[in-house]
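Two complexes, one shared chain (subunit A), two partners (subunit B, subunit C).
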Partner chain A sequence: MNIIEVQNLKRVYRATNGVIRRTTKEIVAVDDLSFDIKEGELFGLLGPNGAGKTTSVKVLATLLIPDAGQVRVKGLDIVKDANEVRKEIGFIFGGERGLYWRLSGNDNLRYFASLYHVAPEISKKRIPYLLELVGLKGRGDERVQGYSRGMKQRLHVARTLLHDPDILFLDEPTIGLDPVGAREFRDVIRNLQSEKKTILLTTHYMFEADSLSDRVAVIDKGLIVALDTPSALKKHVRDLSVVEIETFGIAPNVVEEIRKLPFVDSLSTREQDHRQILHVQTERGAEAVPDLMASLEGMRVGRVTVREPTLEDAYVRLVGGKA
Partner chain B sequence: MKTINNNLRLFWQGTVLSYVALFAWFRPVTYIASKILMPLAQMIFFTFLGSYASGGSNVDFYVIGNAIQITAVSGIFGVTMSIGGDRWAGTLAYLFGTPANRMMMFFGRAFMHVIDGAFGVVIALTWGALLFGVDFSQTNLSALGLTILVTTISTCGLGLLMGCLSLITANVMFVNNTVYFLLLIFSGANIAIDTLPNWMQAFSQILPLTRGIASARILIAGGSFAEVVPLLTSEAGIGIIYGWLGYFLFKWFEVQAKRKGSLETV
Partner chain C sequence: MKLKNLITYWRTALTVAEITLRHQWNDSFILFAILVQPMIIAILALFMLRDLGGEYAMFVVVGSGLTGLWSSLLFISGNSINNERRQGTLESLVALPTPFEVIIFGKNLANVVQSLISMSSSYILAALLFGYTLKMVSPLLFVGSVIISIFAFISFGLVIAPLFIIYRGIQQWQNAMEFPVYILAGFLFPIAMLPNWTTPISYVLPPYWAARALHETSTGTGDTEKIFFAWSMMLLFSVIDLFIASKLFKFMLYKARVDATLETV
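Entry: the complex of A and B
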């Protein structure tokens, strides 16, 4: 069943400049988006800066009125039934703002619980449970002022779960977190998945989208350029297997010879303390390794790896960059 | 019954927490300073200045006027911070994303400031009795209490409107200081209104505080409750009008923000 239905969504921002000669500039943030999200699905929304991800999330979260198109959440219209929709959804925009820094974590949650009409006797039990769920157990009495960025972002997750919504919109929830923090945060998201939440996630981290999403939509300039499962998207770039070869003091003319080999799609080198790493993109994958090694006859060679194309390779190709 | 009870508890919780969350002076030392020392300073300044300029016979006039005027500290500055503070906290998007009743949210923000403001007036009047010998022996104290409450509520009504302006404009402190200053002059706290030019008198009549101060002066001088009822009714009416204007502006702000995309989230 489709719990979220987006049909031909369009949203334009109008920026007026000047006092005497008013000029209005129109920015089409979301041009024409259509997609559905199934119940319990984690749907990744990817796209370059300015693609329209946050704008889409704001429309879904009832914070922005669409210019055209229709969005339904659990069959409810996000414009006409906004207040009903709000009871069914939770949302966070990445970053540490949006909390009352003067209040403790507990009090922030109590305040938002009152805004979501969560009865005090329920929130009394739910707040400690949520703090534990997001890994803030025992820190609820401290003022948010003293929280680290990661702690604030976790508190946002707890905040948005107070009324136990079935649907969550997470806009770059791991932005600005250190690698360990981001990994722990992904575990929190996995917890939510196991609680059968339907989640729309935007992120710039491809491995994050790859490891969490059931399906991914890649958007650019407000339009969908691809929509599929991560593994299906990677098939688009099957021809882009990458062979990485570690060499020591390779001569430039040898690099040029390899570049001219018929099965080499493209080649780039990266210098890394006295080593040169060759990235060879080839359709032949592992089969290309013996021929490549033959060209390197007599040279010192370190580690050789062949890797599958990542979602990032697919993404870069889709949004038009050069790998 | 249970839902009413729950709603009341939610209202109370939201009210108290938003007060602590958004009101910058809620640190013990600054709070005490703003509640006890600042009213004292204002009263001493205007009472000495006023009675010196006018020949010293009417200390009570200045003491009472400034004591009631103190409520504007909570009513204007406090309420504005409680409404406008969300803009700085970046919480607007999260607030407007909740299904909370906007009217409760809006008026709830002023609730604690009413208590706070009334308390401030009581302290200021106490200073008046202790330092300037204002005599309450002829005063109908419960009528004076009602006057303080009504005046505080109506001043908070203006504060709610100012708070909404602060959501829309950036230069809030300037506007607030101007309003506070205008109230000092036009509310009759320091200048007898009937000595003002006509157009200024007209302006006084549309401000909160004016009738509250007049009512307090009458009551402390021994007047009866019946004498001040018309003043208090109008004072309350003015406050309600400002409060509702503020509420409509608040609703308008939310709608505009959803149209234009001007709820800053980052």
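Entry: the complex of A and C
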């Protein structure tokens, strides 16, 4: 049974400039987006920056009004029945904001419990339970301003579970967390999955989407470019291998020349400690390495590896090598 | 609205007020607005008018308390929505089942109640520093006036807060709105001393009716009929303010969801 239905969603941002001659610039954040999420499913939403992920989540969380299309949560219209929808959902937007830093963790939770109309006798039991669930047992009396980023993120999770919603929207919840914090956070998400919560997760981390999601939608420029299970998406790149080349100070024009080589399916680069790692997807696998090295002649090159494609490679191919 | 909802909202507003008081306790601007500034005003007024005697001292005590109340309403309640936006908590508050105006009602309740401190501090100041024997003429009617004034100020604050968001141009005049209301509402001297043409402006200001009720019950200058009339005017303005506020909040939130301005200042 579909618990979330998004049909032909469109959302445009308008920015007005000028005093005498006012001009309005329109930016289409989400363009004709359609997908459904089943009850108890963890649905991943992937896409490059500006693809429309956060906009989609904010529309679902009743924080933005769509320009066109229909969005239903548990059969309720997110515009007409916004107040009813709000009782059914919980949400987290990445980052540390959204909490009262001068208050303790306990007071933050007590405050939001009251705003979610959780009866005081229930919240008295639920708050310690949630603090334990998110690994903040014994820290509830401390002011939030003294919490680490990971602790604040976990307090966000506790806040969003106060009214025990069936549906959760998690918008890049692990952004900015250290590897240990991110891993602990993923364990919290797995716990929620085991409680049969329906979760919409947006993330930049492919392994996160791969390990957690039942299905993944890849969006680009506000449109869905692929929607399937992680394993099915990986089949998109089954015929390819990935050559990773470590370079030092590679010029942008050289990257563009490599991208144009006939055997290169797609190419992305990643900056890492003054190095640029080239990820070249190609059907030729190891055979492509000599030709690629020829293109890099005269440049300082480090380690070269050839590996099997991952979900990230499928994603890069789907969004045209922009990651 | 169902009675059950009203009870739930009232309980929620009380929790919001309590948490707001805890949150604001360390804010030095709030201490200035509700404690320091009214005390400075009270000292100035008591020095200037010390020859008028003890009766006027009570007028100054109540009047300087009202300045704290108005400043708190104008700056703290007026900026309450923008403050939430700056803290990044506005989105979390809007996407809740509790109507946003109930949350701002609770915040205004906290601001108005805490600014009553300014009245108490002025009372202590007049009694200890200036040695006045301060006597409340009609204590019961005074308490009634305080309660109705709180409601009137909260309702007025519910109009100001969304107004400052929808029409940002008005907020630029926020500082300029502080002292004229002190004068036009008759906080520190009767409006009879002002030119006649200002009287209609005073009559449409809820703080004027609050000042009148509080002054008349504390100094004994008004009869019961006059006091009840001031109460009626405050209640009438409160109903009008609540109606206008409900429309403004609806418009403000809809516009913010269309313009995507819940997160951005």
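Note that the second predicted complex is superposed on the first by the 253 of 323 C-alpha atoms of A that agree within 3 Å, B and C clash if a C-alpha of one lies under 4 Å from a C-alpha of the other, contacts with A are read in each partner's own complex, and residues count from 1 in each chain.
In this section, contacts are C-beta pairs under 8 Å (C-beta built on N, C-alpha and C of every residue); 3 or more make two chains touch, one makes a residue touch a chain.
Given the structure is predicted, the values throughout are model-derived calculations rather than measurements.
When the two complexes are overlaid on subunit A, subunit B and subunit C occupy overlapping space and clash. By the touch criterion defined above, A:Ile245 reaches neither subunit B nor subunit C. Once the two complexes are overlaid on the shared chain, A:Ile4 sits clear of subunit B and of subunit C alike. By the touch criterion defined above, A:Arg110 reaches both subunit B and subunit C. In the superposition on chain A, A:Ile189 makes contact with neither subunit B nor subunit C. Residues 13-14, 58, 61-65, 83, 86-87, 91, 93, 95, 97-103, 107, 110-112, 114-117, 159 of subunit A lie in contact with subunit B in one complex and with subunit C in the other.
Subunit A meets subunit B in the complex at residues 11, 13-14, 54-55, 58, 61-65, 83-84, 86-87, 91, 93, 95, 97-103, 107-108, 110-112, 114-117, 119-120, 159. If you check the complex, the residues on subunit C that touch subunit A are 8, 11-12, 15-16, 19, 22-23, 26, 87-89, 91-99, 103, 254, 257-260, 262. Taken in their complex, subunit B has these residues touching subunit A: 6, 9-11, 13-14, 17-18, 20-22, 26, 89-91, 93-100, 105, 257-261, 263, 265-266.
Contact residues on subunit A toward subunit C in their complex (touch as defined above): 13-14, 58, 61-65, 83, 86-87, 89, 91, 93, 95, 97-103, 107, 110-112, 114-117, 159.
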